[in-house]
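Naming follows writing order (A, B, C and D), and every chain is counted from residue 1.
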Amino acid sequence: MRKSRLSRRTYLKGAAALSGVSMTAGCALLDEDLGQETIEGIPDEPFRIAQILFESGPAAFYGEQAMNATDMLVDQINAEGGLLGEREIEIVDRLDEGAGLDSLISDVQAIAQEGEVDMLFSIISSAHVLGVAPAANDQQMPFLVTMPGTYQLFEENPEMDHVVRTAGSNASGAIGAVRMVEQMDDIETVVTIDPDYAWGHDHQEMFETALENVRPDIDIVESRYPDLGETDYSAHVSAIASQEPDLLFSSLWGGDTATFVSQGVDGGLFDQVGEALLIGDTGAPLLRSLGGDMPENVWLGGRAGYQPTYRYDEDEDHQQFVDDYYDRYGEYPGWGAYHDWAGLKTLQEGVERAVSIIGDWPTGDQLMAAMNDISVEMPHGQHTMRGPQAAAPAVFGRPTEDHDFPVDHPLTTDFEFIAATEVNPPTGVPTMEWVEEIEPL
Amino acid sequence: MSSEPILKTENVRKDFGSIVAVDGVSVEFYDDEIVGIIGPNGAGKTTFTNLISGALPLTDGTIIFDGEDISGLQKYKRVRRGLVRSFQIPQIYDEMTVFENMQASVLSRKQENNRLFTPTHRDSASVSETERLLELFNLEAHADDHTEHLPHGVRKVLDVAMSFALEPEIMILDEPTSGVGSREKNAVMETITEAAVEQQIGLIFIEHDMELIRDYSDRIVALHEGRVLADDDVAAVMNSEEVNQFILEGGV
Amino acid sequence: MSTRLPTFGNVGLAETLQNRRLLAGIVVFVVLALYPAMTLNAYHTRLLTWIMCFAIAAMGFNIVLGYTGLLSFGHAAFFGTGMYTVVLVMGRVGITDLVAVMVIAMVVSGLVGAIIGVLTVKTHEIYFALLTLALAQLLYILAVRDIGGLTRGTDGIGVTRPDFFGIPISELPAQIYLLGFYYHVVLVALAATIVLLWFVLRSPFGLTLKMIRENETRAEMTGVPVLRYRVYSMILSAMVVGLGGALYAVLIGHITPEYLDWTMSGEIVFMALLGGIGTFFGPVVGAGGFILLQELALSYTEYWHFTMGLVLFIVVLTLRENGIWGGAKTLVERLNDRRGEQ
Amino acid sequence: MIPETLLGQPFVLGHTFNGLYFAALLFFASVGLTLVFGILNLLNMAHAAFYGLGAYIAVWTLNNIGDITTTMVALLLVLVIVIPLAVFVLAAALDKTVFAPLYEIEPVYQLLATFGVILMLDDIIKYLWGATPISVDAATNPSRQLGTIDLLGSSVSVYRSFVILIAVCCAVGLYLMFVKTKIGKISQAMSEDYEMVQMLGINVTRVRVLIFSLSIAIAALGGALFVPFAVATPAVTLEYVLLSFAVIVIGGLGSLKGVVVASLIIGMVRSFGIAYVPAIELAIVFALMVVVIIAKPEGLFGDEGVVE
């Protein structure tokens, strides 16, 4: 949805590109004398963000959480005066990913053309980010990517200097799961079930490859790929139950996990499997929608510790975030909310860092450069950017009914934490090459 | 009469399930005669013409055209050889003009359907031939009209004219005057037969109107229950006892 | 007997009319060609490129619906084939010249068109629509499931920019490439498609397709090998639609199987119908109308599906095969008539 | 490779049960489509959208009914009687307004106009219930409350058995309606010769509204029964539009028997397909559709009238 058709301004960005001005890239920018490119002082108008997310379709599950968290956090930041306490943030536009890639790219073009937006923010779909990010980068339009996990984003487009991603890549979830299995006893057979698109296939491939390295004694006896948005898993459930595997691994996410688990419970699936590792982005809203149906022999988690109960008592910021969110929306934040929280935190830090180095409000290029190699404090500890890409740890927990929160659905407890260094490739190493060489701990 | 028949059916048979619609019909047709086909409803007249034109596959028997067996030949190939039919209900192209309808036939006869780049209105050869044909059939006044709203009689004439444009050796007309006002019937038949004689086209026509049959046929084939009841000159057939019993009195 | 050209007075009239149309066409072409340089508006230029790609596709589609009279719900197959051919030819085969890539995309789409054409040749009306839909959907599943390992499933594949006759033009900055160069390539492709189809559809070949549309039995009984011409029509249509898809692939830069899905076919049908399937320029107008309408609806409401659905519903019920282009033409004719009377 | 355990009897039974359940849902989604086409000559692409609508209405009702009642009988009555009845009334109103002009136009235009209706209905659902998938709360969810029973060594969902039973009743009911009742006989006559029935002085509009609304109500019934075991998502509509077309094409347009047989075929193909050849399961359905249209365009039972 594009609410604003802002007045057309002079064609600044495009003209710069047309006249062939080459932009200096990366951190080098920060070290140089940037006199004429900087803007004097802090601009009067707010920092304008266009948010891209699903407002329709199955993935609106995340879109809604992300939108809620962003609205809440922006209000909070602005209540303190805004970025640096001086410049307010305004969400001037929201683009619906449900409109498809054509519309997204064309709208990004329009936004860049109008020059009335300072940064693009969020985005959910891996397929979309692979199309939109290069297009935004071509327009030299800053783009802070918060949710999609595809490891191909920067590996396929290594040149992008106007894009950063504050979410860990899907490697952290898949390899985190392998690290979990590594420590488990009595596991001989595994069945995997993942959604039938690159997200699912990537997860399965990384999981299988790495598991072969660290636990060659374990067999993956079957791999299933239901459609994204499948409404009836009963055939899959029967087929998996018949295998009676020691472990079930799944990267199904959002509503798909909910449907799968509830139909699995119905078909007695979790009595037939030893343990289940559900690493799709699963959080409090999922547990809420499942009600009392969550079996006990599952591990929930994956990239980053995005569970409201994780270090709730130890981390004041986290506690405040969770409570505020609950007060405002009547439910606990899910992964979509946490992802955008990490994004906004990184933006705040990036602005501070840039200003402390150059002494002036940064241009878009400088801001993006400043967000490279930065780290922010998140519930799971330091959330570190390696270049433009975040390296997140993996956290897993058990569902429990036994908690002090004012909701009658299970939340997670008994957390296992796996450090970011264990579940992310070193800087510069392609993900799949690293996965193939992974070694036992 | 020419010595060799242009079209010959040998023991042609057609079954629909257990019903035998055409039961071993053998007839010869020549390119310089007009043959009327008569018979009560259900006698197999239309099925017989459909077999000849290829609209229906034969159950048994042979169809010889111009000395060659065409029993299994595709419809359009029979047309290209000169075996053409018109329809009881006019089959014309509704959303096209009369001129285009006619030119479509002319171009198809010349097998120029695959020409890609000359606009049809610039193709002077087919344009002038189309005009000549329209004049011949008194259709030039309607040349630019869409055929959809034309009076039935005009549509009927156009249908027949389009078949003439194919320059056939022999032409089958399925009730050429059905739906035409009784006063115009003779005029329509007159136009058709004159054109046929002029261009040396053999005619086969199915008709219920016995007067037209008597006036315009050289020969009559009478069908009854899928078989040939009589095949002779007009007077002989009309006076045949069997024909009178089964067809003429039966009230067609 | 052939003394008759003059009696058809409208030939002369048509000639003048055509010249006026030709003139108008040239003016439009020149204005469009100069537009990016004059306005430097990247958004408009991109939007125009987008519209022109789909205008080509919609015109190609209308060969089957408007001229041959068959509603295909599977033209996404050709559009998507054009797109994926570009990616695969550039990525896997290593051919990077724009013209070569486009020609190959057309040939491959034409082949797919031949196969689908042959398989559907004996069906009509809804059976034809549903059969084309099912066949295209098979192709879609092939791409989604990444069978053969070519498509990378729903995440799709990125497209690099092709060069032009050995000039390494792909190294230009994106803006200059798309606005300065590629826009004009698409414009020329659209102009060429219009001119070519203008002649083809007025030729005996085009008349033959119309014969099939109006009365297949009669066409057959006039000696036309109907089945063969239906396949020809499908091949020609597939090639043009494939060209549209191939051009669009470079513009969008990233391809997903969505472009093979039946809803994509629905969009192409929608465009042609909106503009007017009974008119030559209708599909071009329809592509523009559809995309502008969608952009407009998207900018004012999140309920843009409703808006589009309502428009489709109303167009089908009121304008039918005339579409907005045919409707506008009728309106102009009526106004002219009235002026004539006064 | 098929693991041997998969061929064991309990699992074949399990897949058969899943297939029957899926066939039941397909039957609900497609039977009205084929009846409306066969009797009223309307090809309503938007038909399955009412399946989606039924699902949303059911989810909404069940999630709000908790304060009034949680009795199982009441919940099931809501799904089987109340919701279809409400949609029946809605459909009657739509028939008189939105769909009335569509009866007059060519099938090809019907297809396109009703494609527009899908788009509109899509957004109406989104406006009313949002785009996030919703599931039925456990407390008022018959599927979860009824649980499972052991049958021949495998656990069988009670609720899903109930859905299959309703589908069988529905099919038998329709059959009886067509052969026994006057309205059924008129409908059959209409499918053969609409004009003739009109000329006999029968109020065809009333029959039309009845058949149309009944058909839509059955689709909504299917959606309502579907949702307790699954979730309501906007994608349900489009999925079932395609599948229901596959069903009626394979079964033969306008044939009740065809819908039953084709639903069973596709249900089984999907169930066993997902279990044994998951990668090409959906491809099998479309391949089947292609083969049927090419080899026998009238479908398996398409040339035999509504109930032959």
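Here is the rule we go by: contacts are C-beta pairs under 8 Å (C-beta built on N, C-alpha and C of every residue); 3 or more make two chains touch, one makes a residue touch a chain.
The shown structure was predicted, so the numbers you read here are calculated from the model rather than taken from an experiment.
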item	value
Joint neighbours of chain C and chain B, given as chain labels	none
Chain grouping by contact, computed as though chain C were missing: A, D | B
item	value
Nearest-to-centre chain - CA centroid comparison	C
Computed distance of Cα centres, chain D from chain C, in Å	35
For chain A paired with chain D, centre-to-centre distance based on mean C-alpha positions, whole Å	38
For chain B paired with chain D, centre-to-centre distance based on mean C-alpha positions, whole Å	50
Overlap residues in chain D, where contacts from two or more other chains coincide	126, 279, 282
Residues of chain B engaged with two or more neighbouring chains	none
Sites on chain C at which at least two other chains make contact	145, 304
Those chain pairs that satisfy the touch definition	A-C, A-D, B-C, C-D
Residue numbers on chain C that touch chain D, as the complex places them	71, 73, 119, 122-123, 125-127, 129-131, 133-135, 137-138, 141-142, 145, 147, 262-263, 266, 269-270, 273, 303-306, 308-313, 316-317, 320
Touching residues on chain D, where the partner in the complex is chain C	43, 98, 101-102, 105, 107-109, 111-113, 115-124, 126-127, 238, 242, 245-246, 249, 253, 279-280, 282-283, 286-287, 289-290, 293-294, 297
Residues of chain C defined as touching chain A within the complex	40-43, 46-47, 50, 144-146, 152-156, 158, 173-176, 179-180, 252-254, 256, 258, 294-295, 298-299, 301-302, 304
Residues of chain C touching chain B in the complex	1-2, 4-5, 7-8, 10-11, 14, 199-200, 202-208, 210-211, 213-215, 217-226, 229, 232
Complex contact set, residues of chain B against chain C	53, 74-77, 79-80, 84-85, 87, 91-96, 100, 103-105, 107-109, 111-121, 123-124, 126-129, 131-132, 143-144, 162-163, 166
